[in-house]
Amino acid sequence: MTRPNQTRTTQTPTVQTLRELEARIRDLESTAVSTGQDLDSALTPLRAQLTRLRQQVSMTRWERVQLARIAGRPTALEYVERLTEDFVELHGDRAFGDDQALIGGPALWQGRRVMLLMQQKGRDTKDKIKRRFGSANPEGYRKAVRLMDLADKFGLPVVALIDTQGAYPGLEAEERGQGWAIAESIQRMSRLRVPAVCAVIGEGGSGGALAIGIGNRVLIMENAWYSVISPEGAASIIWKDSAKAPEAAEALKLTAPDLLELGIVEEVIAEPTGGAHLDVDAAAAALGEAVSRHLDELAGQSPEEWVSGRAERFRKLGAYRES
Amino acid sequence: MALDKFFRRRRPQVNPPSEADTPDLWGKCPQCKENVYLRDLALNAYVCPNCGFHHRLGATKRAEVLLDGPIEIWSGRVHPVDALNFRDTESYPERLARAQAKTGRPDAILTGRGQIENLSVAAAIMDFEFSGGSMGSVVGEEIARAAERAGEEGLPLILVAASGGARMQESALSLMQMAKTTVALEALSKRGLPYISILTDPTTGGVTASFATIADVIVAEPGALIGFAGPRVIQQTIRQSLPDGFQRAEFLLEHGMVDMIVDRRQQRGELAKLLRLLHPASVGVAAPASVQSEQAP
Amino acid sequence: MTRPNQTRTTQTPTVQTLRELEARIRDLESTAVSTGQDLDSALTPLRAQLTRLRQQVSMTRWERVQLARIAGRPTALEYVERLTEDFVELHGDRAFGDDQALIGGPALWQGRRVMLLMQQKGRDTKDKIKRRFGSANPEGYRKAVRLMDLADKFGLPVVALIDTQGAYPGLEAEERGQGWAIAESIQRMSRLRVPAVCAVIGEGGSGGALAIGIGNRVLIMENAWYSVISPEGAASIIWKDSAKAPEAAEALKLTAPDLLELGIVEEVIAEPTGGAHLDVDAAAAALGEAVSRHLDELAGQSPEEWVSGRAERFRKLGAYRES
Amino acid sequence: MALDKFFRRRRPQVNPPSEADTPDLWGKCPQCKENVYLRDLALNAYVCPNCGFHHRLGATKRAEVLLDGPIEIWSGRVHPVDALNFRDTESYPERLARAQAKTGRPDAILTGRGQIENLSVAAAIMDFEFSGGSMGSVVGEEIARAAERAGEEGLPLILVAASGGARMQESALSLMQMAKTTVALEALSKRGLPYISILTDPTTGGVTASFATIADVIVAEPGALIGFAGPRVIQQTIRQSLPDGFQRAEFLLEHGMVDMIVDRRQQRGELAKLLRLLHPASVGVAAPASVQSEQAP
């Protein structure tokens, strides 16, 4: 049972200071690059100040959500390109179609054999539409189940990169059992006889995210969010007005630090100052290191331990009191 | 008969959320608009004797309709907390207090042990009257405990789903109940104990995407709304009106998602038949010596 | 390895004699019923003669095929009504739809807990159309797989009643992976950790029939057929003329006695004289007795023996010579 | 390079079934209608250098295109028999004799052991040139033996499907090969050995409904016709014309039935990558000391 502390209040003015400092550092860095000048003597104290500031402040939750969605934020495939070799994308659910929002296949993750599962949002408009901005149909979850079968058969640890606003809320998705497909994926993942490490890399919206989130370890990037409902969805339910999303984001406690406090994730992966989109290579390095470290820690266990580890992890999540 | 007894104990409600304008002994059926004598409704498992409309049931009435006699209650010791300090138009504790006062229950779930045609079962019944049957930490915990206890006691589990989805006020903690219930249900699966879910009006959101749909056999009530995304959200996505009967039990049967639609008045018989076939050992399980009946609020 | 003997030649004239004898017996029997007369002294020698004749003769294979299709021949549900109690039909593949051509669910088979799987052709025209005359879509085979999962979980022996001209050859069936669904059903059935007894009760057409035909025992009713292709299908391939179906039926050796000789079935279940449709109760009694007997024989084995028994049974089917 | 060697050994054929009108050194591509220099075709894995059309390959050429070097042949000792005394426009033994003479093979299958980028594999290659790759008892038996031997020797199995379906002349015996191959493939599954199938033009009928589609990974060649029922039969059923591209590899990928479409010239690389990921042990398996190469007829 988890009993979280009072969550922090937000400090928007300080964020403003932080942003200004970040801009100043970026300016100096680019000057250093373009002119060849050594500006480290100026940069070093500024960077130290930034580190202190970042530890002290919180952005508003809504600012985090916007950062998680910002144009240029790396999608799953941008991490995969940087962190894996020999990724072989496998397609299809063997029953209806191939979903492009939820993709996967075996790969070498920084040299480790894994089965990748990930929501892929798309990079340009056409790609985004094809992939429904990372919102999967039932076929996506059924493909995930099939790939988990293969992971078990060939002893491939599962690495899941979560980045979706939620499962696709379409008429046909309902016809083909969206809820059923998600439930089946959750159940299948809980039964994996290999270790699973999940990372929310951008958005973690509702059951559509959780469907591939049953990890022995669940990590989240610093500016990602994970919640039972999107801020917009909550706002339109509570205030009948999706413009109240900032207020809903506050109420939902959906940021990485919140989730760490709630015991829902094991680790927050630090992003480059200002967000992963400002330095994709550095963000990838941080993600790669964290996932690899957890994979290595889990490697020594038995299939029974991987199964029971996941079961115990999720069995105890929740907040209640007992009379 | 349980229903008869129930009627004498309490005044039944045709359509609880809008009872203000309902006279004491007659109620208007929301489907056929006919006036129905409430005693007849109660005697008919809250199915309209005129048109067959299945009225929504709170968990207490549901237990009476489902089980031979009183339920031996397991749930009730787990209480919700406001872990997120959630505040919207009112605070989460205020909402909880209101729902608790209305239902006399700590949260939207009743679990326990009972009999169906003399077969012992564990029952987990969601209470739509408590905050729309929304699933938070308590609902998840109670279902998980019921599944585990059913496993230990060698009982099949019957789950009655009735829920608008996950409980927003618990955010990610609520989301995690989908996983928690799933892993706890392994206690039944490993022991080869049947798990049957009954989807009633409405069953939507996270409940549909977790424990309710991984049952061995899925029963639905006639006309029940069942789906993952809500109709309003889907309409916004597709920007056209939804077909008649969309996300209703009959639609889901046609699309292969449920095993059968069973009229509430036949459910006990069908469940007993299934339990005898899937798990003949249930036939031999004796009723517990002392049974604690749930009291009306 | 099976090395079948030379198959019998057909003897149509003798079948004529048989049919006349059968008609005479029926006349006498109905006279006995309508008049109350005891005609047993006349009937007994005729019946003995019939038994001898039936052992000696073969109908043409095409005559058998026609008998397997004759109006009024009992469909699977007519046997189920007579042989089972508490049949609970379970619906749906949990992914796309509920196929009405391939149905099933748990039941008591003459008092024994079983999981039924069967093709149901339909009884009146509307029912037949709804059930595509017993030709299943992929959803039917996927439902079968789901019911086999339940059979395994709850230790229910599988009883499969086969009666189909084949899987449905539709455009949508292909879109949704008809071949894949059949293959998966064959594989799933081979892995059952419960015993399985299959009976071809009418038509056994191709992969659509075999999909639920992986039994520890495979039985066939006297006037049923089982083949890789329907006689019409073979005729239109060989002679480009489906009217040559009688010739194709001969060539395909598709009758119950043929299949017994080829080692493809364990037992031929005798039908009432003239065919199952002339006495459905008697046909059901014969089917019920045979299936129950095989279920009882298999009951003492272990899950491993059921699996390996099926594997060995099918592993050795085929005719070849080795150099 | 194997192809080059092959070309020197034999005269390649652009389109074997209709070679009569093909001049010795040039052939007409059935897709782009361009004349193609046969040596270029052979050097290009029999893919049209002009339009990318994938020519059908007999089993011998396929083995050369697929494997690093010669195949160590396992198949060949099992011969077909006319168990049914099957007679239509000609007798089954006559048909067999003709196909055997044409291909130099007892039946429509070649199995053996080889290397793909130095990874040892078992290969089972159907021969469309033998009676349209139809599956009878010999094809079933050889595939079953190959699967079992691969299991014993710890080798992944690569199966190349090319078949019009089951062999009518063996009727129910042919049908049973669908089951036989399926149970034999358990030898691989139990040991966690990868089974990859490559669906080539055409793969239809019983092959599609059994061993070819239960592979762990399914690869298809561009443009290959793949399906269960034949297009003609479907057209008779639906009484309307079939859409463009129906039952082609690209259609099947879109419908979720195959994992990937891989150009024949990239297949070795993709297979090796997959094998290293799924079964790293293959990397260490040494090639057998003595290898018997298949000789051209």
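Letters A, B, C and D mark the chains as written, and numbering starts fresh at 1 in each.
Everything below uses one rule, namely that a contact is a pair of C-beta atoms (placed from the backbone, for glycine too) under 8 Å apart; a residue touches a chain by one contact, two chains touch by 3 or more.
Computed from a prediction, not measured in an experiment: that's the story for all the values here.
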Interface with more contacting C-beta pairs, comparing C-D to A-D: C-D
Centre-of-Cα separation between chain B and chain A, whole angstrom: 33
Whole-Å separation of chain centres (CA-atom averages), chain B against chain D: 55
Whole-Å separation of chain centres (CA-atom averages), chain A against chain D: 43
Junction residues of chain C - those touching two or more other chains: 94-96, 176-177, 180, 184
Per-residue overlap in chain D, given as positions that touch at least 2 other chains: 213, 255-257
Overall pattern in which the protein chains touch one another (line/ring/star/complete/other): other
In the complex with chain A, residue positions of chain C that touch it: 94-96, 138, 142, 176-177, 180-181, 184
Chain D residues within the chain C interface of the complex: 76-81, 83-89, 106, 136-138, 140-141, 144, 166-168, 170-180, 182-184, 186, 205-206, 208-214, 227-230, 233-234, 236-238, 242-243, 246-247, 255-257
Contacting residues of chain C [partner chain D, same complex]: 2-4, 6-7, 167-171, 173-180, 182-184, 186-187, 190-191, 206-207, 210-211, 213-214, 226-229, 233-234, 237-239, 247-248, 251-254, 258-259, 262, 264, 310-311, 314-323
Sites on chain D touched by chain A in the complex: 189, 192, 194, 213, 216-217, 253-260, 270, 273-274, 276-280
Chain D-facing residues of chain A, complex: 86, 88-98, 106-108, 113, 139, 143, 150, 153-156
